[in-house]
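Right after this note come the structures.
Common to both upcoming complexes is subunit A, partnered first by subunit B, then by subunit C.
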Partner chain A sequence: MGHKIKEQVQKLLEEKRIKGFLGLRELEGHILPHLFCNPQELESLSLGDWKKAGDARYPLNQILIQLATKYPQETFAVLVRGCDERGLRELFKWNQLAEEKVVPIGVGCPDELAKACECEKPFPDCLIDGLKGEGARSQRVHRVDGMDLDARLDFWLGEFKRCIKCFGCRNVCPMCFCNECSLEEELLVGKGEIPPDNPTFHLVRAMHMVGRCIDCGLCEEACPADIPLRTLYKKIAEIVNEEFGYKTGYNVGEKSPFNVIEVK
Partner chain B sequence: MAKKRLTVLKRLLEFSGMNPRRLRMKWVSSAEAVEFVHEISDFAEEIKQLGPNPLRVKEAA
Partner chain C sequence: MEFQTVLTTCPYCGCGCGLLLEVLDGKVIGTLPSKTSPVNEGRLCVKGWTVHEFIMSPSRLTRPLVRRDEVLKGTSWEEALDLSAKRLKEIKEKYGPDSIAVLTSAKCTNEENYLLQKFTRAVLGTNNIDHCARL
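Entry: the complex of A and B
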């Protein structure tokens, strides 16, 4: 697994079409992001599978933005799964990355990971290696939809009660790039309280995931309190699709309805 | 834009266990004093009928 990616990246590096390839490597038994600048380094390439499929994933797009900001003239290749590709498409539209300076290197997710993520499309269109897997339907959202109003409230208040305001969800999110985060605004979320304003903190975050969340699942993985964040954000995606016919990251040209102000 | 966000918010609140009837949106200009009063009175009545917000009740408990 991964040799097609190594071949493609090697070619790009040798032809000097990219300055480097932002991917993952294995080092001393751990997996971490790495910028591969010459082909010899590719020996240690990892796709993000440590003990289980996809359990060592990182928000590579976030790191790419930092790279691109520091080296705006350079072109970089980046390892992308289905979700990352959705992220790139949105980041281009939001002017956080320049499309002509990014070469996506696509890898498909194994079934086991796709099912765990309940991912609708576990592979990128620019697929080079890995499975072109089948999408999975979401059970998480369905379960909450099946509860009555009062049960839902009890459920969510109970889940959010464990929040320690570590900001792990926001920090790891590849789509969060705001310089001033609403969650740090005292008037919205009081400071010095644990758990933070319940349920305000998480509902504010959910509202900010509108037209933005790519369903990569890193937030839920990062959460030390096992809060079912994806259930909330998947519901947001469902609402946005039903109300506006928009699916984050599926469309190349079309901007999110929340990124456009119509002047009548 | 506000209308779009409120549409989503209403459904999010419902998914989170709050009655969507507790959120209302209406455009009123400062020249429409009568309509404003009418809308607020109507909304206040609806809220009274719904009773205390379970969120407040549960927090107090």
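Entry: the complex of A and C
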């Protein structure tokens, strides 16, 4: 897998249609994000599979925002899975990236990864390589929903209690792009206190994932305390869908109900 | 334009978490935990996540400082080392080796820490050496 991507990127680079391709490379046994500007480098291309499928994924869209901010005139290609593509669509809607300056290079996720993620759509529409796999319904949300209200509250308070306030969930999030963060607002989250206010800290972040979270799961992977953040944000997505009829990042052209300013 | 991520080890404590520094045009702009590091497996603490901030900080010390008339002033390594050696010698002769204590750091390498304890015990002549991780 990967040779179709290499071919496509090589073509884009040779035709000078892109300045570089933001993807992953394998170097000395490690997998790292890399900006490929030269077709020869593509030898070392990786799709983020290390010991198992998709265990070395990185927030490439977050890096892309930094590149595009410094070089707004340049066009970049970027490696995207289903979740990353949903992320790009939202980032376009929120004016964090210019659609005409981004060429998504799509890879479908192997079944093993799609199942582990309980991903609803484990492939991007711009699929070039990999599987167009089947989506799965989330069992983890179902399990928590099965608890009665008291048990559910105890469950979440118990999970949040382990938080060491590393800010990893926010830092790794490709959809966290605010210049000012509520988690650093002293009135909401006390400075220098560990563990942070329970459940304020995590619910503040959860509220801010409304219409933003594209279910990539990087937050949960970055959590040193194994807090099931993905379950929490999957539930948020479910509520957003029920209440607003909006599925974050799924439909091109559909406006986000969370950044529409109505002028009367 | 050049962007790359550089794999390195977190300098904050002795755990040795692997992290990636995001380098754009020679400037460190961000930190990511290394997913392929067996130590931290894609996780970091709050200090590790902000390593890039101190690397580029203008208040970072880049040369030794010597206190003169209550004020710290920049100086050469030679002067700083000569002054330290002279004063340590004077103190050792006047008050004895146990009047000196050495505090070393998790930010140093194993080898540097070994050297410092050797220096403390064999040259200064005291067992008064400890490590910041025990504070």
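The working rule: the second predicted complex is superposed on the first by the 260 of 264 C-alpha atoms of A that agree within 3 Å, B and C clash if a C-alpha of one lies under 4 Å from a C-alpha of the other, contacts with A are read in each partner's own complex, and residues count from 1 in each chain.
In the analysis below, a residue touches a chain if its C-beta (ideal position, glycine included) is under 8 Å from a C-beta of that chain, and two chains touch if they have at least 3 such contacts.
This is a predicted model, so every value here is computed, not measured.
When both complexes are superposed on subunit A, subunit B and subunit C sit side by side without a clash. In the superposition on chain A, the chain among subunit B and subunit C reaching more residues of subunit A is C.
Of the two partner chains, neither subunit B nor subunit C is touched by A:137.
By the touch criterion stated above, A:154 is placed in contact with subunit B alone, subunit C being left untouched.
With both structures placed on the common chain, the touch criterion links A:16 to neither subunit B nor subunit C.
When the shared chain is aligned, subunit C comes close enough to touch A:66, but subunit B does not.
In the superposed model, A:37 makes contact with subunit C only, not with subunit B.
The superposition places the C-alpha centres of subunit B and subunit C at an angle of 100 degrees about the C-alpha centre of subunit A, rounded in steps of 10. Residue contacts after overlaying the shared chain place A:257 against subunit B, while subunit C stays out of touching range. Of the two partner chains placed around the shared chain by superposition, subunit C is the only one that A:166 touches, whereas subunit B remains out of contact.
In the superposed pair of complexes, A:210 makes contact with subunit B only, with no contact to subunit C. Superposition on chain A leaves subunit B and subunit C with their closest Cα atoms 25 Å from each other. Interface of subunit A with subunit B (complex): residues 144-145, 147, 149-157, 198-199, 203, 206-207, 210, 232, 235-236, 239-240, 243-244, 257-258, 261. Interface residues of subunit C, counted against subunit A in their complex, comprise 1-5, 7, 18, 20, 22, 24-25, 29-30, 32-37, 40, 42-46, 48-49.
Residues of subunit B that touch subunit A in their complex: 1, 4-5, 7-9, 11-19, 54-55, 58-59. Subunit A meets subunit C in the complex at residues 19-20, 22, 27, 29-35, 37, 50, 55-59, 63, 66-67, 70-71, 74, 164-168, 171-172, 221-224.
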